[in-house]
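When the chains are written out, they are named A, B, C and D in that same order, and each has its own residue count from 1.
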Amino acid sequence: MSDSPIAIVQHPEHLHHFVDAEQQRDAAQLGMWLFLATEIMFFGGMFCAYLVYRYWYYNEFAAGSRSLNIYLGTINTAVLICSSLTVALGVRAAQMGNRKLLVILLLLTIVFGFAFLGIKGVEWYQKYEEHHIPGRTFNADDLIRDYPQIHIDPRPEQIYFSLYFAMTGLHALHMIIGVGIFIFLTYNAWKGRYSPKYYTPVEIGGLYWHFVDIVWIYLFPLLYLIDRKPLR
Amino acid sequence: MFDNFPLWPARASAGAGNVDALFIFLLALSAFMCVAIFAMILIFSARYRRRRGIEAEQIEGSTELEMTWSIIPMVIFMAIFVWGAVIYFHERTPPRGASEVYVVAKQWMWKLEHQEGQREINELHVPVGRDVKLIMTSQDVIHSFFVPAFRIKQDVLPGRYTTAWFRATKPGVYHLFCSQYCGTMHSGMIGQVVVMEPAQYEAWLSGGGTSGSLAASGDTLFQQLGCSTCHRSDSQGRGPNLVGIFGKPVHLEDGRTLTVDENYLRTCILSPSKNIPSGFKPIMPVFQGLVSEEQINALVAYIKSLSAAPTGAAGGPSLAPAGSRSQNSKE
Amino acid sequence: MSEHVMPGRIYYTIWIALLCLTVITAAVSFVDLGRFNTVIALVIATVKALLVVLFFMHVKYTSERLTKIVIVSAIFWLFLLLALSMADYGTRHLS
Amino acid sequence: MATVAVTAERENYLNKEYGIRSWLLTTDHKRIALLYLASITFFFFIGGFFALIIRLELLTPAGDLVQADTYNKLFSMHGQVMIFFFLIPSIPAVLGNFLVPLMIGAKDLAFPRINLLSWYLYIIAGVIYLHCIVTGGVDTGWTFYTPFSTAFSNTRVIEAGIAIFIAGFSSILTGLNFVVTIHRMRAPGMTWSRLPLFIWAHYATSIIQLLGTPVLAITLLLVVFERAFNLGIFDPTRGGDPLLFQHLFWFYSHPAVYIMILPAMAVESELVACFTRKRIFGYNFVAMSSIAIAVFGFLVWAHHMFVAGISLYSALIFSILSYLVAVPSAIKVFNWTATMYKGSISFTTPMLYAFGFIGLFTMGGLTGLFLACLGIDVHVHDTYFVIAHFHYIMVGGAVMGYLGGLHFWWPKISGRMYPEGWGRLAALLVFAGFNLTFFPQFILGYMGMPRRYWQYPPEFQVLNVLSTAGSTILAVGYVLPMVYFLWSMRYGKIAEDNPWGAAGLEWKTSSPPPTFNFDETPEVTWEAYNYEQIPAPPEVNVER
């Protein structure tokens, strides 16, 4: 979200209003960290809603959580962790001035990003087929049938799925933006615009990617692992 | 002052005087602060206006002064807080034995039902000197029950009960406003509270034909909906025995302990899975959408009547033995 | 500033640790531990987040105190939102 | 025309380039500030126009001027326009944008392109909102309370929500830019303890913008999702809690009041120091009170919900915390007043606004004590008492500060002086009109007149007539400055570099400043408000 990627492509040294390149780099980093702070509060609003309703409707949350595909969820977590590794290694490659490695790692990250979104799409499609999308077509009869031990009220069950779609949807939106940023970074890296002296865009783009990863690290247990223990 | 230019609202409830007293105290305090600050500004402006040859004197500041004007206000604020909190606590705690009025708000109308069974729209008749507890819910959006003369206000929410209470002290007709914006005719959602002398009130009560008390219609409904097949007044039913439970703690299957109040009963009717008393199976059907707000009110009133003291006297938690339903269904 | 280039080994170690923790958290959720299921899930998530922040995001190696202040205040603000909201929801049944 | 300089003007940010492109693609913080100035003035008059129709409708108890639905839309859009499109960006995006780099000796904000992006976001939001107004408007009140906004309103809630969502990001980016700039771009020698109090208050404002606004963004987004995609997060028919929306909404919207008032306090400190020719009394306390307001401001939000059905105990917690935030505000008022002691006070237009600010903010603040007080709030909540209170803060406080600051820095911004006599007249009109408009509303509120009423019982009429009368005076007071500011851009007296003899780096460069602010980066060796070292201008009090 910083303007420095564009800016610095055109002015390899630093922009006129900065004293030197270091000041510019510090500013860009601080800017990204502050932006991530606002992102924490952005997701925080939904975490607050989640906390309240999980406290109120634990049974419905438990049943909804059971209905998610834990295998796909776990695989997706692993995919994101792998993408974080490639990002971190990418920054290292940029630090060392290894252009070819940098491009490969950035491309890998994009591939992982698409893999995550693809798997997420499959999961959403399953939810669609199960009529678990909130609204008029919503139907929780299968949950009531599958988990007779958990007493479920179908109305608040919709709240769980509303939160599920809002949270994973906005997370996916962040992933899409992240993939966009990384396509941009890959292009510039391929053009050889980053060097050990100047790789701030890769670094702050990486910060953003890691942040989106961390959000998922919390979403995974909060949405998928509420209650998986054997039913009595 | 003039009839069409009043500057102070009528004071017609037991609590109104307390609110006014605190308000007047705050007014005096504010007036004092304003006068003090404005006087300082005027004096300084006159005394230290710019003159040729006279320079301003640079003063760094004074920690003692800063502490003084931080701590003294803080102490005063805490006093105001405590005073306000006491009034609020009083306003939010209906006295035991208050007579109850169930309020259902909808766009753009107030529907009120006395426990004796009288129904009113946009009008509430109450006698002087009786504690009245309002048990309110909304059919659609958020409304707010506001009677300026009583200094009470409480938002009325869809999906749950909120309560308020007052004791009228002066006969008269007072405004009942909806004070939470609720759509097109928000400003038309005005009713009136008619406060009457007890004798007149009794006359008014006996005037309107009613179909019996709210609890009695709740009883009928209880049979019609088949509640009584499980909730029996002995311990043999598949559902909990409802006699004498109101106001008592209930232990739930998941380990929580709640107190049975109006909201608890409401939740149990509409969404039984949320609170399952320990020792019972979650087998009760969901009644959301099957009963109207008025019917829920009647059921709640009926279940509460099962816990009323046999004499109907105010005060003291009921110790009515199980099985005393018939004599209590009417208070 | 994190000019300092870290050895690649560290990244791989963290990566392995993160993958292991993911498998552990998924597996543990199938074991009935009562309330501790939630606690463990959140503790593991926090450990994972910390690993990412400290190593992948280089916060451990930064000399910049401000970054840490920004992170801590954002989390603190989130805590304020959650805690003061729950001050209402957690006490509603009492009044 | 005699005032036009004969000699070639010095190159400055205004005459460096000409043409529409040079404005719309500028990254100069000063030009962006002027872009903001023009756009928020436009929205201010739209919001003001709504307000005047509202006041005219309330002349009579019956609803006879406009339909009920129209009235509901008018007050909703008045609130949304004034808050999200005028007050939130007013001082930060105009004066802050112009002055923050100048005051700390930087050439520009840290991210000039993001600064421009933030203006474009504002404009996109504004265009969407205008479209919403023209195609039917929105009637949810500025607060968007659920379930009315999600399930019952038939108006363009989605559009309004998206517009405000985008405007929120504009505000976030402005705050982000300020924080980074203040941390990273200070001139050599400009330590934290030498920063003008203007900077301290803007720093505090930016913290709120950064940490509060995203919560509003997600809340409105969830409302939009609920309307558009049938999600059910706030829906009571599916077991949702309408109060959850209020919690999330006020988590931002209470601190948002401080986004509006802190920058006005920022201006106030500069004005009081300059026109008493003194260092602000208790610099450290005034600086820290800004930060304290920003932090404590986040702890008090549920005092908007004392009658909404929150638990008794949380009401007690939020009430006691609300008093916490009153203390730093009181500290500021006391310190400004104390600064006047043994000063050398002149009564220019900006200082008149500064006096007005102290007076009106004091009254607004004191009535805030009534509302934080549980027992009183139950009675006055959602009545005209609240309306009067927050207009005293937002109009009496924030707008007075904004106008005072605009007059004070106008010579720096435009290079021209405004006409002093007209300026003082306008300041007096605004003050008198404001009090006549809003003071009667305190009485109306305690009498029990609820807010957002299109028709009302006849006993409230006299006070409403007074209020409407005041609003017309207020309107004149607001139109006047716009007229003479425009006039002065061409015919005003050429301003000197430092016409007020004020301290601060912004006065050390030329008026208007060159594009990169300073010919060479200044090195700061003095404390803020070193008025003992600056000679007072002899003519400052004389009208010409």
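Simple rule for what comes next: a residue touches a chain if its C-beta (ideal position, glycine included) is under 8 Å from a C-beta of that chain, and two chains touch if they have at least 3 such contacts.
Note that the structure is a prediction, hence the values are computed from the model and not measured.
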Dominant interface by contact count, named by its two chains = B-D
Computed over C-alpha atoms, the centroid farthest from that of chain A is that of chain B
If you average the C-alpha positions per chain, which one ends up nearest the average over all of them?
-> D
Distance between chain centroids, defined by C-alpha means - chain B, chain D (Å) = 37
Averaging only over C-alpha atoms, locate the centres of chain A and chain B and give their separation in whole Å.
-> 45
Enumerate the residues of chain B that touch no fewer than two other chains.
-> 92, 271
Can you list the residues of chain D that touch 2 or more other chains?
-> 183, 211, 215, 237, 239-241, 243-244, 247, 251, 312
Could you tell me which residues belong to chain C and also touch two or more other chains?
-> 66, 73-74, 77, 81, 85, 89, 95
Touching chain D in the complex, chain B uses residues 2-9, 18-19, 22-23, 26, 29-30, 33-34, 37-38, 40-41, 44-45, 48-52, 54-62, 65-66, 69-70, 73-74, 77-78, 80-81, 83-89, 91-92, 107, 140-142, 144, 146, 148-149, 151-155, 157-160, 162, 175, 177-188, 190, 271
Touch list for chain C against partner chain A, complex = 1, 3, 5-6, 8, 11-12, 14-15, 18-19, 22-23, 25-26, 29-33, 37-38, 41-42, 44-45, 48-49, 52-53, 55-57, 64, 66-67, 70-71, 73-75, 77-78, 81-82, 85-86, 89-90
Can you check the complex and tell me which residues of chain B touch chain A?
-> 254, 271-274, 276, 282, 286, 288
Taking the complex as given, what residues does chain D use to touch chain C?
-> 183, 211, 215, 243-244, 247, 251, 298-299, 301-302, 310-314, 317-318
Seen from chain D, its contact residues with chain B in the complex are 63, 68-69, 72, 139, 141, 145, 147-148, 151-153, 236-237, 239-243, 276-279, 281-285, 306-309, 312, 315-316, 319-320, 323, 326-327, 330-331, 333-335, 337-338, 340-347, 355, 358-359, 362-363, 366-367, 369-370, 372-379, 381-383, 443, 446-448, 450-459, 461-463, 531-532, 536, 538, 540-541
